[in-house]
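Each of the next two complexes has chain A plus one other chain: chain B in the first, chain C in the second.
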Partner chain A sequence: MSTGLILVLCCALVWVLASLAGLGGPRTDRFSAFLGVAASLIGLVGCAMSLLDGSEIPLGVDAGLFSARFLLDSLSAVFLLPTLVVGGILQVYQTGYLPAREKPRDARTSRFFFGLLMSGIILVFVCRSGFAFLVAWELMAVSAFFLIAIEDHEAHVRRAAWIYLVATHIGTAFLFAMTALLALRTGGTEWLPIAGEAAALDPVIALCALAGFGIKAGLLPFHVWLPGAHAGAPSHVSAILSGVMLNTGIYGILRITGILPPLPMAFAIGVMCLGAVTMVYGIANALGQGDFKALLAYSSIENMGIILLGVGMGLLGRTAGETAWVVFGFGGALVHVWNHAFFKSLLFAIAGAILHATGTRQIDRLGGLARRMPWTVVLLGVGVLAASGLPPLNGFVGEWLLYRGLLGAGLAHYAVVSVVSIFALALAGAVAAAVYGKFFGVVALGEPRTGLAAHDPKASMMLSMILLAASCVALAVLMPYAWPILRGAVLHLGRLDAPVLPEASGDLWKLALAASAVWLAALPLGLWARRAWAARSAAVPTWDCGYAAASPRIQYTGASFADFLSRQLRPTAPSVEKSGALGSGVAVQPVAVKLRGADQVGEWLVEPLTRRVLSRLQRWHWLQHGQLQIYLLYIMLALVLALSWAVVRAWLP
Partner chain B sequence: MVELGALFPMGWFQTLCHVVAALALPPLVLGIINKTKAAFAGKVGPPVLQLYYDLFKLVQKRMVVSRTTSWVFFAGPVGAVVVGVLVSLLVPLGDHRAPVSFAGDMVLLVALLGLSRFLTVGAALDTGSPFEGMGAAREVTFAALAEPGLFLGLCALVVLSGQAALAPMLAAASQAWGAQAGTLALVLLGWFIVLLVENCRIPFDDPNTHLELTMIHEVMILDHSGPLLAMALYGASMKLFLLISLLLALCLPRTGNAPLDWGLFLAGVGAAAVLVGVVESVIARLRLPRIPLLLVSAALFTGFAFLLSLVKR
Partner chain C sequence: MTVSLLLAVLMISNFFVAASNDLRKYIQFSALQGWLLAALLLAVHHHLHWYVLAMVAITALVKGWVIPRLLRRALDGQSVTRERSPYLGPTASVLVCAVGTGFSLLVSGMMPLPNSHAASLIVATALATVFNGFLLLVSRRKALTQVIGYLGLENGIFIFGMLVVEDAPLLVESAMLLDLVVGIFVMGIVINHIQNAFSSTDTSRLSNLKE
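Presenting the complex of A and B:
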C-alpha cells in the first residue's frame, strides 16, 4: 500500500479543514492553527515513509479525460518537506501577525485561503496527470491572489494583485498548451517518464514548461508580478509565496524535463544562461530598493536564478552523460530550494515583525532596532547571513555545490558556459552581501532615524521565527545527513540507475565542520564579549571626528549605502537619482535625493509590450460587456463548435 | 560519520608548523611594508615588529564602546580573527600543502572572507557614524567588483591544472611556468590587484591617511578600541598574509626539501611585503571614481588568462 501518499493526501484534506475552521473567526482560530500544524505533521510522516521505503505506488481516479493520478516519489517528497514545515510554522505565525480578534475580516480571509493555498501546493506536488495537475495549480494560483489582495484598501495592493492574477494566468495558458502537447506526445494524460528516443516535440514542450512555470518562479523577464505582490501582501503571505510557492515553478520545470527524454544541449545551456541573467538582475535590483519587502522579493528572484542555474547544469549533464554535473547541478538546485525556503520565509517573517512593530516598510525610516527588538535582530542576523550565501549558514551550501560542479566537470567539458555561470554566481554573491549588509546595517544597527516605536513581537510570532532560524542553522551544520535524502530525487532526474553520488558527501562534511567551527568559536568569544562589555569604559557617544552632538539624520541611509555600487551596476539596476542641483557658486542648495526603484525590464520591455497588446485588443472590447447571460451563450457556442468539429473530423478521411 | 583522519591528511607536526606560522607571521608583513615605505620616504620608520608591540599594548587596555552599539560591534573584529584562523587552514604555506584541502575549497575560502567582511561592515554601521557608513559602502562596492576577478583567475588555474582543490591546483600551476607563462602572469597580475583592494592598500585606500573621509578599512574600525581594535588589526594582517601566501604558491620554486621550502617561503613573504611597500611608495591613491575601472581591469586580466588557458589546453 502507498501509505505515504495516502497520508499526504490526508494532509491536503486536513489543510482544507483548517481553512474552513479559520472561517469561524476568533472562536475557532486556535483550532484552525492546530489543524494546520497537525496537517503538516501528518504530511511529514507520509513523506518520511515514502522516502524510507522508496516504493512508488500510484493512486488514481479513473474517469476518462478527467482521470486523476497521484504519485508520491522522491522528487515530490523533497519539495513537500520544506513546504510542510514552513507552512505549519507560518500557520502559527499568522495567528500572531493577523490576530482574529483584532482584524476579524482580514484574519478570516487569510486563514481560509492560506489553507486552500497549502492544499493546492501539496496537490501540485503529487498530481501526476495533466487535468488534475491544472486544477491543483489553479487552486493554488487563485488562493494566492486572494491572499495577496487581503489589504485591498490600498491602491498599490490592488494593482499588485491584479498584475499577479494576469501573470499567473498567462502562465496557465502556457501550461495548458504544454499539457495538450504532452498528451499528444504520450497518448495519455498521465505524466510518466517517456522511454525511448527524443522527438521533435520535446523542446517545444520543454519551452512551454519553462515559460509557464517560469512565470510562477519569477524568472526573467516574467518576474514583473513578483516584487509588487510580495511587497504588498501581508508578511506571512509573502513568506509562503516566496519560500514555498515559487518552488512550484522550479518543481514543474524539473518534473516536465524529468519525464521527457534528454533535451538538446542548447536548451540546457539556455536554461543555465537564463538562470545566470536572472540572478544578477534580481540581486542588482534588490540593491536599489528602499522598501525592505521589495528588497527581499528581488532577492527571491536572484535565488530562483541560482536554482535554475543548477537545473540547467543537471539537464546538461543528463544530455551529455556527465554524472558529476547531474549530481552537483540537480543536487545543488534541490539543496538551494530547501535553504531558500527556510531563510526567505524567516526573513519575511522578520520583515513582518518589523512592519508590525514600526508600521513602515521603508528602510531609511528605521535604524537601531538591535537595541529595541534584540531577539528579532539576532534572528535577522541568521537570516541575512544565510541569504548572503555566507558560512556558517545554509545558503552557502547550495551555492558551494553549484560552484563545485562548475569548477570540476564543468570547466573540463563546457568551459565557456561554466565560466559565465561562475562569473554570475561570484558577482551575485558579492552583491547579495552588499544588499543584506544594507538591509541589516541600516534597519537594525546605528541610531533610530525616526521616532517610530519598536518591540519584539509576541510569542507565537517569535516561536515561528526561532523555529525557522533553527532550521537554517541545522541545515548548515547537518547538511551531510540531509544530502542522502536528495539521492533518490537526483537519481530520478538524472535517469541514473547506478547508485552514484560521487565524493561530495566527504566535502560536505568539511563544510559542515567549518560551519560548526564558526558556531563553536562564537560561543566562548561571545562570553568574552559579554565580560568585556561589562568592563568597558563609561558609555560614550560614537567618535564622529569628535563631534558629539550628531543627529541620527546624518547616518548613512540605505540609499546612500547602495548608491556607489548601484552606479557600477547601472545597466541592470535602478540607480539613485538626485533631483535638484547642488547649486553653483558658494552657497550650497538643499538637495533631495530620491531612490528610484524602477525595474528596467518591466519599464522598457514588459510595460510597452503590454500597452501595445492592450491597445490592439481594444477593438474586441465590444465582446466584453458584463452581461452574464451572453457570456453563457459564448460558452455554449464554443461547446457547439467543439462538438461539430469532432463530428466533422470523424467524417474527414 | 567520516573519520577525522581522512579529512586532515597532513601529519600533526606539519599541521603545527603551518598553524604556528599562520598565527605568528602576519603582523611582520605589515612591519616590512611600513619599513619599505619609510625607506622610500627617507625616514627610519617604526621597527619591523611594531605591530606586535601595538597588539600587545592594545590587548591590555580597556575598551571605550559607543553607547549606540550592540553585539554586532563585537562580532566584526571577533569574526575577522576566527575567519583568519579558519582560512589559514585552507591556504598552502611553506611546504605547499594545506591542512584541509578538498575540491572547491577556494569557494569556502572566499566565502569565509566574505563573512569577515560582512561582520566588519555590520560593526561599522553599528556605530551610526556617517564616516563608518561611508567606509562600509565603499568596502562592499570594491568587494563586489573584485570577486569576479578572483573567480576568473581561479577558473583559469582550474583549466590549466585540471585540479579543483587549492593546494594541488597551485602545485600543478607553479610547475607550468614553462608552458603557460602568459596565463600565470596574467592571473598573478589580476590577483595582485585583488590583494591590494582586499587589504585596502594604495592605490585603493591609504592606511596611513589622516582624513576619515578618504579612508575605507581604517574608517570602519575607527570606533574600536583596546582588545577589539587589536583583533581587527590582527585579523586584517592575517588576511594580507594569507593572500600573499596564495600568490606565492603560484610563483615560488619547489625543492621538495621541507626546511628549504619554508626558507624560500619566508623569503618570498618578505619580498612580497617589500613589493607592496614599493607599490605604495611609487604610486598615489587613485581618485574614488577611478577605482572601479582598475578593478574591472583586474577581472579583464584574469579573464584573458582564462581564455589563454583554454587555448593552450
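Presenting the complex of A and C:
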C-alpha cells in the first residue's frame, strides 16, 4: 500500500467535499475555503511521502465493468505539486473575488465547479488506466466549461464557453481513439511502459495524443478556444485554467510518449517545430491585444510552446540516445511547467484585482495604477519580470536550461533544428519583454487615462497574490533544492539510469546563487533609491512642448507602444479601422481609430474550415425534427436493425 | 405450461393496447399486465424463497395498483380522455404490432438460448412488449400514452429478466421498480403542469418550446 497515493486520492475527495460545501452559500463559504486548503495540504503531504520513499505501488479498484488503476510516480508528483499549491491559493482568492454574500449565485457555481475541477485534475494526474483516465478528464473538462460560463449574461462569454466545449470534446474524441489504440497495442487498459521494439502503431498513438492533449494545452492550430475562454472567465478561473489545466495537456503528451518506446526522429522534430511556431505565434498575437486578459491568454499559448519545445527536445534526445538533450529538454520543460503555473496564475490574479477595482479589461483605459494600487503594482512587477523570462526570477530558469541544451549537444548534432529553435526562443523572449513592458508601462505608470476608481484589493486576494509572488521568487532562488524531484521525472521520461546526469544541477546552483545575490542587493538598493527619489523630486507637470490643452489622454497608448514591433510581425498586427479623415489646413476633423486584434490562424484556417464542415452537416439537418416521437422512432429502428443483424448473421456461413 | 399461457396472454394484451384509443383502457391494460407479470414471476420460480414472494407482492402492488392509481389521478383533471389524432390509427397500429410480434418470434427462434422452448417464448414476449411500448411512444401524442409506452418498455425488460431468474439478483429488479414509480410519479405531476400551461396534453406541442 502506498500511503502517498492514498493521501492524494483523499485530497481529491476532500476537494469534492469543498465543492459541496460551497453550495451552502454565505454560511458555509469559509468552511468550503478551509476544506479546499486542507485538501491541498493533504495532497502535498501525500506527494512528499511518495517522493521521499520513492516506492511506486499501484492501487487498483475493481467494481464490475469499471476498473481503475492509480499510480503516483515522480512525473505525477511533479505535476501535482504546482496544481495543489496554486489550487489552494486560488480557493482563498475566490472568496474575495466572488464574495458569496454579494453575488450568491455566481459564487455558488464557482465554488462547486472549482472543487470538481480540482479533483478532476488531481485524478487525471494519478489515473493510469484508459477508461478511468477519460472519466477524470471529462470531469475536469466539463467543470471547466461551467466555470468559464459563470458570467453567462454576456454574449461573448456564452460564445467562448461553447467554443471551449466543442474544442475540448474534439480533443476527447482523439483521446478515445488514442486509448483504444493503446489498449490494442498493450493488450490491456492499464498504462504501463511498453518494453521492447517500436511498432508501426506507435506514431499513430503519439499523433492522437498530440492532437487530443494539444487541444487542451492550446497548441497552434487548436488554440482558438483559449483566448476567448481565458478572457471571458472570472479571473480566478482564468488563473486555474491557464496555470494548471493547460498543464494537463503537457502531462498527457509526456505520459503517453513515456509509455511508448522511443518514437521516430521525425515525430520529435515535428514536436519541436510545433512548439517553436506556437510560441512565436502566441506572443506575437499577445502584442496586439488591447484586453489585458486576452494578452495574458496569448502569453499562455507562448509558454505552452516553450514547454513543448523542451518536450520535443527530450524526445529527440531519447530517440538519438543523447543524454544531455533528454536532461535539458525534459528538465527545462518541467521547470517551465512549474514556473508558468505560478507566474501566470499570479498575473491572472492581479488582472482580477485590477478588473475588480476598475471594472475594465482595456489596457488603454487604465494608467497610473502605481500610485493608487501600490502593492498590487509591486506584485505585478514581480509577475511581469518572471513572465518575460528575465534573470532574477523563475521564468528565466527553464528557458536557460533549454538554451543550454540547444547550444550544447544540439548545435553539435542537429544544427538546423537547434538554430531554428534558438532563433524562435530568442525572438519569443524579446517580444515577451515588449508585451509585458507594454502591459506594465501603460497600466501602472503615467497618469490615469480615465476617471476610473482604483484601490488595492481586500486581504484574502492580497494574501493569495503575495503567496503566489513569493512562490515565484522562491522558485528562482531554491530551484537547485527542487531539482532532485524533477530529476526523478526526467529519468523516468528518458528511461535513463540514475547516475548519468551532466551539468544541469550545477547550472541551477549558479543561477540560484546569482538570483539570490540580485535579490539581496536589490532590496537595500531599491529602498535607498526610493528614499533618494522622494527627497529630490517635486511634482511638476510633464513638458508638453507648449501645448496648452494637455490631458492624460495624450499619453502613449498600449497600441502606440506596440506599434513598431507589431509592424515587424506583420501577419499578427491588429487591423486598423479609421472613420473620417483628419482634414486639411486649419479645420481639423475628429477621427476615430479602432484597433482589432486579429487571430490569423483562427480567421484564415479554423473558421473557414468549421464553416465548411457545418454546411456539409446541414444536409443531415432534416433528421433533427425536434419531435420526441421521431427520436423514439430512431431508437426503435436502431433496435430492429441490431436484432435483424443478429438474425442475418445466424444465416450467414 | 402455466408460464407459456401467461406469456401468451401478455402478448394478446399487447394487441388490445395497440387497438385502443381510450386512455382509460390503456391504464386498465397496463394494470392487467402488472398482475400478469406478478403471476409470471410466481410461476417461473421453482423454489419459493421469501424474497421471491416479496418481489411478487411488490410487483403486483406497484404495477397493478399504485401506478395505475397515479395515472388515473392524473387523468381525472383532464377533459379529453381519448387519443384524437394519433400518428397511426388503431388498425394500422394492430398491423404494426402483429409485424413486431412476428419479428420477435423470428428473432427469438434464432437466438442461442438455454432450454429452448420456454426461454424462446420469454424472449419473444419480451421483445414484442418492448416493440409495443415503442409503438405507443412513436404513434401517439398524449403525454399519458407516452407514460404507458415507457411502462410497456419496462415490462418488456422485466420479462427479459425472467430468463436469468435463477442467478440474477432481485435487488436489480427492485431497484428498477423503485425507479419506475418515481418516474411515473414525476410524469403524473408533469402531465398536470403541461395540461395547465398548454391547456392540452398533446406532446407534439412541446416542440414549440425549442428555440
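Methods note: the second predicted complex is superposed on the first by the 591 of 653 C-alpha atoms of A that agree within 3 Å, B and C clash if a C-alpha of one lies under 4 Å from a C-alpha of the other, contacts with A are read in each partner's own complex, and residues count from 1 in each chain.
Basically, a contact is a pair of C-beta atoms (placed from the backbone, for glycine too) under 8 Å apart; a residue touches a chain by one contact, two chains touch by 3 or more.
Since the model is a prediction, treat every value here as computed from it, not as a measurement.
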For A:G46, select first, second, both or neither according to whether it touches chain B, chain C, the two together, or no partner.
neither
Touching A:E447 in the superposition: chain B (first), chain C (second), both, neither?
first
Between chain B (first) and chain C (second), which does A:G252 come into contact with in this model arrangement: first, second, both, or neither?
neither
May I ask you to decide whether A:L643 touches chain B, chain C, both, or neither, giving the answer as first, second, both or neither?
second
First, second, both or neither for A:G494, with chain B first and chain C second:
neither
Who does A:G383 touch here: chain B (first), chain C (second), both, or neither?
neither
Any idea whether chain B or chain C touches more of chain A?
B
Contact-wise, after the overlay, does A:Y556 reach chain B, chain C, both or neither (first, second, both, neither)?
first
Across the two complexes, find the residues of chain A that touch chain B and also touch chain C.
none
As the complex stands, chain A meets chain C at residues 625-630, 632-633, 635-636, 639-640, 643-644, 646-647, 650
What residues on chain B touch chain A, complex-wise?
2, 6-7, 62-72, 74, 78, 82, 85-86, 100, 102-108, 110-112, 114-115, 117-118, 121-122, 124-131, 133-134, 136-138, 140-141, 143-148, 150-152, 154-155, 158-159, 162, 164, 212, 222-223, 227-228, 292, 306, 310
In their shared complex, chain B is touched by residues of chain A numbered 367-368, 370-371, 374, 377-378, 381, 385, 388-392, 396, 399-400, 403-404, 407-408, 411-412, 415, 418-419, 422-423, 425-427, 429-431, 433-434, 436-437, 440-442, 444-447, 480, 503, 505-507, 509-511, 513-514, 517-518, 521-522, 525-526, 529, 532-533, 535-537, 539-545, 550, 552, 554-556, 560-565, 568
In their complex, what parts of chain C are in touch with chain A?
87, 103, 106-107, 110-111, 127, 130-131, 134, 137-139, 141, 146, 203-204, 206-207, 210
